[in-house]
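The following block contains the structure, expressed as structure tokens.
Residue numbering begins at 1 within each chain, and the chains themselves are lettered A, B, C and D in the order written.
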Amino acid sequence: ADGSASEDDGTITMGFAQVGAESGWRTANTKSIQETAEAEGVDLKFTDAQGKQENQIQAIRSYIQQKVDVIAFSPVVETGFDAVLQEAKAAGIPVILTDRAVDVDDPSLYETFLGSDFVLEGERAGDWLVENAADSDVNGDGTVNVVQLEGTTGAAPAIDRAEGFAEKIAADDTIEVTASQTGDFTRDGGKQVMESFLQSDDTIDVVFAHNDDMGLGAIEAIEAAGLTPGEDIKIITIDAVKDGMTALAEGKINYIVECNPLLGPQLMDLAKKVLAGEEVPERVVTEEGAFDQEQAKAALPDRQY
Amino acid sequence: MTTPPEVVAPPEGERSPVIEMRDISITFGAVRALDRVSLRLFPGEVHALMGENGAGKSTLIKALTGVYTIDAGEVIVEGEPHEFHSPAASQEAGISTVYQEVNLVPNLTVAENMMLGREPRRFGAISVRDMNRRARRTLLHLGVDIDPRSTLDEHPIAIQQLVAIARAVDVEAKVLILDEPTSSLDADEVEKLFTVMRRLRDEGVAIVFVSHFLDQIYEIADRMTILRNGKLVEERMVAQTTQLELVRSMIGRELETLDRLDCEAPKTDAETGVPVLKAIGLGRKNSLEATDLELFEGEVVGIAGLLGSGRTELARLLFGADTADTGELTFRSERRKLRSPRHAIDRKVAFSSEDRKAEGVVGDLTVADNMLLALQASRGWLRPIPQAMRTQLVDDYIAALDIRPADPHALMRNLSGGNQQKVLLARWLITQPEILILDEPTRGIDIGAKAQIQAKVAELAAQGLSVVFISAELEEVLRLSDRLVVMRDRRKIDERVNADVSVRDVLEIIAGEAHPEPQAEPQSEGATHV
Amino acid sequence: MSTATVNPGSASTWDRVRSFTPPPRYYPILATLALFIGLFGLGGMRYEGFSDPQVLLSLLIDNAFLIVLGVGMTFVILTGGIDLSVGSVVALSTMIAAKTLQMGWSPYASITAVLLTGTVLGLLMGLLIHYFDIQPFIATLAGLFLARGLTYLISVESISISDDTFTQLAFKTVYIGEYYIRWTAIIALATVAIAAFVLARTRFGRTVYAIGGSESSAMLMGLRVAFTKVGVYVISGFCAALAGLLFSLYILSGNSLHAIGMELDAIAAVVIGGTLLTGGRGYVVGSLLGVMVLGIIKTLISFDGTLSSYWIRIITGLLLLAFVVVQRFATRRRS
Amino acid sequence: MSESSSRAARLLRHPLLWPVLALVVLLLVNVVVNPNFLNVRMQDGHLYGNVIDIMRNSAPVMLVALGMTLVIATRGIDLSVGAIAAIAAAVACTRIIGAGDEAALTTAVMAMTYAVVVCVALGAWNGFLVSVLGIQPIIATLILMVAGRGISMAITDGQITTVNNPFFSDLASGFVLTLPLAFLIAIAVLAFTAVLTRRTALGMLIESVGINPEASRLAGVRSRTIIWTVYAFSGFCAGLAGLVIAANTNSVNANSLGLWIELDAILAVVIGGTSLAGGRFSLMGTFIGALFIATLARTIPNIGIPSDLNYLFKAVVVIAVCLVQSPKARASLRVRRTGPPTSGPAPTPAPAPAPAKAGISS
């Protein structure tokens, strides 16, 4: 990775293969990258794989054919990129991963991975619940009954968040996940599943949703059942998009773990370093926090996405 | 008409039947289509299966060849009880069948249609060359000179029928079943078919033949089985049965209306009136050369011609089913280009197509809906026909045309072929047209009903309806029409007032035009080789 | 063809070439081909590096699995049926391959297991469709659910494939001069060739067309309708499994989220290639071209690289629209 | 005696018998797992319970499926309904947000009217491609299926747009006469469609075009207008469905709203007994089919099927329903139960070959 092309005319050409535009989080992510690229004079080639790995591989291959200086992408899934990454390596084009990792045998196939740690996010959610277990036993029956709204079955964030969460709540045996069902990361899905949970079980204390959208859907279902979200049933979600933060500030959600989509600046920074031949760490974790209701009120005015 | 050709006595007693069906019954829901019917087939005979529309002929054939499951009774094949469970099984056992409606696939070539399932192969692969060559040879035997590589749906229904026949006779079969193979064929083709049938008969094949043309029965058949209302009436030698006896057996009463038509065919003075329809130079590339035609009120214009002469094309252009490339149409005094059938229907033109299966029948709708379709279409969907009027119209026409079963709610596809044809005729009569174009309206219609339909046409013409009448049966055309248009090679070659024209005259007109053009229809040349 | 025999001496090859008109049944394919070339030319003019022959070869490599899917789908659609399960079967195949390899099976056993599973699934759907009269759309929709469900059953998480035979097959390239192609693409082209032969030159193939033309006629003609109708679903299942193998070579992993909606791509490719959904008319070569057209639309968009997520979808739709409309007008003249 | 037995026989042959039976069985399964499943109570002045939820949640699929039924009856198919629903939602939500008074009734009404008009136009566009240009329905509607998502994303700028309009929200969450408004809207459209097709001649003409287009053309049926109308109507229904879905969460996610709803809708149509080969259709069947699908969606969390077994469960249910509906499958079951057919009642004849060319299936 010598970045010779960038020295020719001074501008960097970056090929970026996005997963898709499946959520508000993702569009914020795309926007951040596109805007930063423009601001920093990087010539960005952008494609949207519409959630399909084969599209993403084809896009990367076409970047290789177009001889871009650097390729960045958020893998649709973690496996299966070996072949195309080897082609990129053979063509001397450095690769940066964002958002999600890939699972390859040869770590030299990519320069660095910039993104969140989904397991960690789940762990944080779990930690908060363990800390607030006493409060969370809303109906005071001695057990904290949690229902989980999973993301799309098989998707890495869904698997990892569930794993991190389960690991942490195992520490407290009053906490129990009584039902878990996929809501496909959408509000509608979250609402419908939550409706059903409410009908069949009236001892629910806590909802853990794998993203804000499903949490927002659950809020609607809880309200329709005549209960008060945030009080009668506690809600924990992940992402911290604006709508989620608003609900948090209004007291309808109790805790949100942030998953930061604004990777643009860090990505451009890394790309420049890589092309300049500087050493970069193999793993760059994005800076992200977590919010309770008070913090949300403070942070909300600056929230852009 | 009543000169039965001498027939060899049936080989009864000496030879045993190849196939014997005993007391076969089949029920469809509440309809008892066959009620203990028996049939015996001997090798080396042509056996006619006779009966009115809906008598159960096609059902009996389908029961034999494994299309329908038999409810009761037994089939004995060469002395052994045996029932076929699929058409394929019957075919393997040496029964080759042409079913009533053309049952070929429109999207494949003529040769493929003939050879499907037994294509000649070389090194395991189908040899297209061999296939085409063999198909062409078989077709030429039947006097059909078409390119076997052309797709089937490019050809008119008559050719398709001949292809279906060619497919059936091309195999080594013990039994050949032909269900109304001649319904849209001209005399020439029929003659060629008979030649082939005689040859096969002499080779020992047993042939089942269904036709509503009694002349054909007397010409070719040796014995016959007569059905009525799903029941067996009798089995007879053709030579020992007069036409009157036969008809009485078939319909269960005397037939009165048969020959009464010519005397009261109405005459109109074509010279003075304004034509209701006038075509000048009407033509279409590759199908019809520029043609003039006039049609006056209350007049029946018959169109005569041989297979492929362009009669159907002319009719379609008059109705806007195809759009004309050249020429113009004038309705009374209004000049009009027809871009779709709607335009014609709006001018009170009606057209009954020769291809009832593809262009007429809406199989999954009821008889009533089928009858009212054209009227409803012209009223528009916002003005449904009131219930009382529906019942009235449907019941009237079911009675008038003697449609069986007389059930307006029966599904159209379950009707017998002839009854479907009557429903389609009713569809158009209900619209009360001023101009009625009938392309082979009596195709597959039994003898009683044919007379009924002819009478109906004559009656309507007397009331002022103008009719264009096309039929492969020249006698019928001559009997009905006031004026005769003769066509050949896709153009009009003559026009006569039909007072004194005979079948022979028409044939001479057609033959007289037959300059030795390279494109001349092979059928008309080989007409005398029987 | 029947013209130009007035003067045999001057009827040169050129005259015959000039007066040659292909039979109308080839018009859809020829139109597709012409439009494909047009799209390629358009890309070549607009984008640097597009006119490189390697772009074409990459199209074959990147779409090898879709080509094979299209072949199976062509058989089904020619009989007037449809197979919605193929995308899920692809996912299931990648999963079976990955899981069995992970469990230490030999690659050949694993490949056999994959092909067998796809074929059996196809057989089951075919039997449902023919013997129980269940509409193909629904039977294969159940197949879609079933195959996807089995995939989840095997593993919810994705599994990498690191078997040597698989990786070697995946990376092995064949050089044609300075350009290269992968084995997967060659397998796909071979599938097309075999399928074209089967459809054109075997009784099975002709029966497929006959059923599409009129199933009841085919039955009355005594053709082997049951065998053929079940057969096309078996073929489609087999092709889906083979495509699944090619896909696992392509991405060297098994994943339950693979190939969601890929059945629509396959159907679209077949239909774009000139095959009628009502059955009876069409060619596998058309489906190959259909896949290439879909692929080149994607390539055009990624070469452009300036489109936002939603413009990518809109432009894809517009290109598709332009394509089918032009194709429609190009083939309409025949009637 | 004989009259009651003939009535039973008629009931046994009723085309809706099997779909209804399937629905009942599915409900029974739920009750077995959760005895309170069918309980309904009053809450905040309206009914509340699983059944009520099922009614409300069935509305979008029911709406889409009603339009789809007519399209399928003409031998067509409409893949674009999901995208059209997303466009409707996007249009309505951005209009509501852009309006002066976001929470006003007029805002909601204007926005929804506008959205529905757009959808009718989109449906008419599909109809144009199919009937005038003669493009195969599946590909004609695929175009809008692909581009429509992009359009709705462009309208919302790819963001999840949240609206605050109580009237809009009532479309999905409101109750009238203690029943969910969304369900009542679907019923109203059902009634409207039934009147439109069965009290006029439209239904018969649609069926005729679907069964034999050429014969219909020669009989003077304006098939072009009919096909056009039917696709426009499908667009209308999809638009309404999109509004209901958006109102359900007071937001629109252009990417996921109505995704794969076309498959659910087609499934509902087929479960209801309408053949994909075109021709005769049953609106009541579609109604039952949509209820079935909503019940199935509720069954999964209710009986606690783990997420990774959802698909297997659905596969089993779909296959079971199809087998139950298939006369051939039932016949073969019966034969096995009663032994060889020789002793039993007369076996039914093999189905007569369809007269017209078989479409997708026969």
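Criterion: a contact is a pair of C-beta atoms (placed from the backbone, for glycine too) under 8 Å apart; a residue touches a chain by one contact, two chains touch by 3 or more.
Just so we're clear, the structure is a prediction, and the values are computed from it rather than from any experiment.
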Larger contact count among A-C and C-D belongs to C-D
Greatest centre-to-centre gap (Cα means) from subunit B is with chain A
Between subunit A and subunit C, what is the separation of their C-alpha centroids in Å? 35
Expressed in whole Å, how far the mean CA point of subunit C lies from that of subunit D is 30
Note: subunit C sits from subunit B at a C-alpha centroid distance in Å of 43
Distance from the mean Cα position of subunit B to that of subunit A, given in whole angstrom: 72
Two or more other chains touching the same residue: where does that happen in subunit C? 152, 156, 213-214, 216-217, 219-220, 308-310, 312-313
What are the residues of subunit D that contact at least two other chains? 153, 158, 308, 310, 353-355, 357
Residues of subunit B engaged with two or more neighbouring chains: 67, 103, 106
All chain pairs satisfying the touch rule are A-C, A-D, B-C, B-D, C-D
Okay, in this complex, where on subunit C does subunit B touch? 25, 197, 200-203, 206-207, 209-210, 212-214, 216-224, 280-281
Name, in rising order, each residue of subunit D that touches subunit B in their complex. 199-202, 204-205, 207-208, 211-212, 214-222, 226, 279-280, 346-350, 352-357
What residues on subunit A touch subunit D, complex-wise? 20-24, 27, 30-31, 150, 153-154, 179-182, 184-188, 191-193, 195-197, 199-200, 213, 216-217, 220, 224-226, 241, 243
Subunit C partner, complex, touching residues on subunit B are 67, 86-88, 90-92, 97, 99, 103-108, 112, 116-117, 119, 124-126, 128, 151, 167
Residue set of subunit C touching subunit D in the complex reads 80-82, 128-129, 131-139, 141-146, 148-150, 152-153, 156, 213-217, 219-220, 264, 267-268, 271-272, 276-279, 308-318, 320-321, 324-325, 328, 332
